[in-house]
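Naming follows writing order (A, B, C, D, E and F), and every chain is counted from residue 1.
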Amino acid sequence: MPVVVQNIQRAELGIIDGLASLGVATVHEAQDRVGLLAPHMRPIYAGARIAGSAITISAPPGDNWMVHVAIEQLREGDILVLAPTSPCVDGYFGDLLATSAQARGCRGLVIDAGVRDVRDLTEMQFPVWSKAVFAQGTVKATMGSVNVPIVCAGALVRPGDIIVADDDGVCVVERECAAEVLEKARTREEAEAKKRRRLAAGELGLDIYGMRPKLEEMGLKYV
Amino acid sequence: MPVVVQNIQRAELGIIDGLASLGVATVHEAQDRVGLLAPHMRPIYAGARIAGSAITISAPPGDNWMVHVAIEQLREGDILVLAPTSPCVDGYFGDLLATSAQARGCRGLVIDAGVRDVRDLTEMQFPVWSKAVFAQGTVKATMGSVNVPIVCAGALVRPGDIIVADDDGVCVVERECAAEVLEKARTREEAEAKKRRRLAAGELGLDIYGMRPKLEEMGLKYV
Amino acid sequence: MPVVVQNIQRAELGIIDGLASLGVATVHEAQDRVGLLAPHMRPIYAGARIAGSAITISAPPGDNWMVHVAIEQLREGDILVLAPTSPCVDGYFGDLLATSAQARGCRGLVIDAGVRDVRDLTEMQFPVWSKAVFAQGTVKATMGSVNVPIVCAGALVRPGDIIVADDDGVCVVERECAAEVLEKARTREEAEAKKRRRLAAGELGLDIYGMRPKLEEMGLKYV
Amino acid sequence: MPVVVQNIQRAELGIIDGLASLGVATVHEAQDRVGLLAPHMRPIYAGARIAGSAITISAPPGDNWMVHVAIEQLREGDILVLAPTSPCVDGYFGDLLATSAQARGCRGLVIDAGVRDVRDLTEMQFPVWSKAVFAQGTVKATMGSVNVPIVCAGALVRPGDIIVADDDGVCVVERECAAEVLEKARTREEAEAKKRRRLAAGELGLDIYGMRPKLEEMGLKYV
Amino acid sequence: MPVVVQNIQRAELGIIDGLASLGVATVHEAQDRVGLLAPHMRPIYAGARIAGSAITISAPPGDNWMVHVAIEQLREGDILVLAPTSPCVDGYFGDLLATSAQARGCRGLVIDAGVRDVRDLTEMQFPVWSKAVFAQGTVKATMGSVNVPIVCAGALVRPGDIIVADDDGVCVVERECAAEVLEKARTREEAEAKKRRRLAAGELGLDIYGMRPKLEEMGLKYV
Amino acid sequence: MPVVVQNIQRAELGIIDGLASLGVATVHEAQDRVGLLAPHMRPIYAGARIAGSAITISAPPGDNWMVHVAIEQLREGDILVLAPTSPCVDGYFGDLLATSAQARGCRGLVIDAGVRDVRDLTEMQFPVWSKAVFAQGTVKATMGSVNVPIVCAGALVRPGDIIVADDDGVCVVERECAAEVLEKARTREEAEAKKRRRLAAGELGLDIYGMRPKLEEMGLKYV
């Protein structure tokens, strides 16, 4: 049954922005390596790093009607996340939809399908992570749903979960855990900053992490 | 039988340049969504947007002899379009061939195979859409044909058809329909410009396109 | 048996730098078209062109322990080359490891698996050629080997062999042949420079290479 | 945190067997086309058609330790379902594990990774749906979890959900809905049986389904 | 504009059956190696070898409405050939449609998309060559066309062209050339039968084809 | 430089046949998990299990001339192993070449490219492991080499190395290690036979392998 869930819960923007500043790799580590989308999800241009609350879209193959419906549900700080109900690379989304989404505060799109007008989207600085770039358009003939749980590129995304995306890909953080993950990620980031300085000075990970005895015990031979 | 067809018909440059300025997504929509090459055809650098008359090449796998033959057939405003006779990612084309092609007015290459010297090609601003970047070279041992109809990345391309290519991919327009497609594409572009302004101002596609009654009729529930 | 081979032989840096300046496509041609890695090996950013001595790593899937071990073996002018023992796209390498490797003179990484922190690596100008970009991290639980012969992306790489990498991909040159390949590559480069000038002036490859009689003999028809 | 959930709920075997007899395509349609695993999940031999309660396994890449743990949790009528935490084609499972699983009543394996010993598994009539066949073995070095919700080949599978698998692929049915889906699937099957007889007699779907007026209204032209 | 072309021309059944008996590899060679569909087109069961006149279908992604329309156009000895207008693996076709098609004399299906109910299709001995097996069904919401020229898996197929399909894949023969191709294929088959006997007796292709002088001339060294 | 190495060393047939009887998975484990070809190498029919001495072929893309040359080098118990010099799926090998190879004692073909006439090859019981089945033929225009070391599907294969192939894929054993690998594989097989009996009787791997204390130590929780 096609449905639009309207009043979803979102995490605080402060937490979301904190996650954005740390990036996908750090956040993913901080939550014990869960929630990563598949590596075929690539950004249409380099350098974007965003986070936002997921507005989810379950759409039929080659049909973007529900994207129009979803845009009405957007608030400042949201990210559209679309999973087709069967594998599809059609261009569900282009510069007109991006104009509309951006006007409503949308920070970007994560789509396990195709996108088009990527030159315009790049100029607008509207970031997209997608499976493909493809000019093939879509129809508006069959229903889907908005703000239901979806599996996008192999990860479960529930409406209001936090999406973090950068050049390394896309990660989803459960809304309920967002504050805790942010704290762990910050701790991790600080620890890494210290290690980075020591490594830059020429110290070896073998010594910093105390690996030598374990390697010897496991039988690694130097010849 | 290997053959070179020499005097092919071309569309007017004015029409071709008009199509270039509109881009792949708009042109493809304007001709009722036919003629798109497969999404694995990607540009070697971002930002190029060209159109031109197709000089077609049917070449054996790993053999670029016919590219040399095709270059002699080039005129100002042409684009080389190569389809191997079986799947191949070898680098058929590099900076020497690009120098030669560019000297004869060629605007770019569309190749359902590999290309190399992409750093040089980028510096020369010679755009290429290809299936792969691969330094593996080719031999010159077997014949192919120039200016015969080919299927390139899933689309039928006849010599003299118009190729439009940009960051969204590659589209072919039948020569006989080029003027009509240009007109439709311009009309479409103007209509989109108006919509873009309304969407940027925050109006919703749901209202602009009058979608709400249809969605209700099809059973979409808001909860 | 896990092993680290410590004192490998390297080619002279002068030869290595000479190969870097010529690039992958020219070097590959100069050594009779052997040694190219598969075309799925792509750079994380455009424009890098490097050469160096291979420090090889054979690592289990999803386990980057041996990368730490390999970094100790690095000298100025080396390149890390990692092949997983079974297909894997996990992100074995990120900005901390790159900081450490760069501090020890490493020029880049070639990995038939995944890499992460690519925004940081790009800022650091630490080039990587990989099969994937993926934030998924790895564990440190099982042994591999360093400086043993490996097959990386379909090519045999022995420790101390010279790796050449640029936007066209990655090529390996046997250490023993490096001087000879450099000489041949330079000769080739000079010959190409002459041809480039003639082609730029509008001469045709058909005439420069004397192809017309052979094409006629093989039955090519002009119609 | 690695965990084994021991006392999961299962559907009645009568319902499960009913679903098996109807097959993937019918069950998938009956539950409104949700729950299908990706099309890369293929059976190792043709002709098997099974259903069972999912014992889920989340395992690190190249590490099958948790399979041993999961086998202890098996009861008559269960199916093992394994999703690696990152993409992997290693052979997690072979004839020894199959012998053990079969001894405990397991009906088959669904694995978004590799399997091996497929000749033995075929002889044993132990069916497997997998992403790959690959003799590469795995280690036992890192923890995973058993009977936690997983995303397997793009579908969410919770422990105790019903897996239906045949030559068309794999579908998951939520445990709570199993009885209802079975009833709908049977109704559908009966309706199809009637249509099959009419179609076999030469009647056209165009007439049986009353499609002609709608096609005309939508503008289909016969020429 | 959606259209159904009704009275297409077909080749004689005698010619078609002759082509079937020779198989894809021989027919493809006999027509100078053109017309082969891409290698991803695989049979759902081994051993079928058919030929027939193409009834072509151009269908939107995930929409099989036009298959129902096409079935009415079938005559004894025809083969359905479907190309989606953008890449799709949905199961457009199952046992009900096969029952209907078979009742009207259809010999099989060639589809650059997905198929389902393959166990039933195998029992019915209704052969299918497809890009995927996938239980995901389709909708009936948008128009396509029947009996227009299509590009299917990289090959141009016009209505009435002859499709030859067996375990090696699928080849299309232009209707106008069918008689000539059949004759060439028979000649080729006879020549091969002679060679087969000589090769089975231990003679070498090097001698039968007189290759030794040419190999020597081209510089092949025996060491 | 194209070359044919004529008098290669081979392992004893007794050892080779011993390896064949144990199969790929066992042999691969017995030699510490090295030497496996990539999982895209699949048999054209199920059930074959062979071993033999490798006659290696390095061939240009789409050119099978060297296969004819290699056949002369075959002796009883050999296997042809072909790697193209760049990725290719053309059908290098069909029933005529198989007839010739079989007449000279060849046990099968391993080819990182395409094969055709698979119905005939199946009838002849001439097993092939390949990357693709594709009817596209090849030319005889350029040289390659026979019995030089090659990288085939990611594994280094030297002439005279032992190839083991079955439904699980293909593994290469270095000739010098063949006797030792055979012994280890037999020991392993015997140990597995014992375990198989215990597992079939319902004992758990957790107990047979003494895993419980280690799992507890590593923090696995049962809930």
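In this section, contacts are C-beta pairs under 8 Å (C-beta built on N, C-alpha and C of every residue); 3 or more make two chains touch, one makes a residue touch a chain.
None of these values were measured; they are calculated from a predicted model.
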item: Any chain that touches subunit E and subunit D; value: A, F
item: Homomeric contact subunit B-subunit F: same or different residue positions, threshold half; value: same
item: Separation of subunit A from subunit D, taking each centre as the mean of its C-alpha atoms, in whole Å; value: 28
item: Centroid distance [mean C-alpha coordinates] between subunit F and subunit D, Å; value: 31
item: Whole-Å gap separating subunit C and subunit E, where each centre is the average of the chain's CA atoms; value: 42
item: Chain centre separation (subunit A, subunit E; CA means) in Å; value: 42
item: Residue numbers of subunit F (touch at least two other chains); value: 1, 33, 36, 39, 85-87, 89, 134, 136
item: Chain-to-chain touches, reported pairwise for every pair that qualifies; value: A-B, A-C, A-D, A-E, B-C, B-E, B-F, C-D, C-F, D-E, D-F, E-F
item: Residues of subunit B touching subunit A in the complex; value: 23-25, 28-29, 33, 36, 39, 42, 46-47, 49, 166-169, 171, 192, 195-196, 199-206, 209, 211, 215, 218-223
item: Parts of subunit A lying in touch with subunit D, wherever the complex brings them together; value: 1, 32-34, 36, 38-39, 85-87, 149, 151, 154-156
item: Interface residues, subunit D side, partner subunit F - complex; value: 1-6, 45, 65, 68-69, 71-72, 89, 91, 94-97, 99-100, 102-104, 114, 116-119, 122, 132-137, 140, 143
item: Residue ranges of subunit C in contact with subunit D within the complex; value: 60-63, 85-90, 134, 136, 139, 141-142
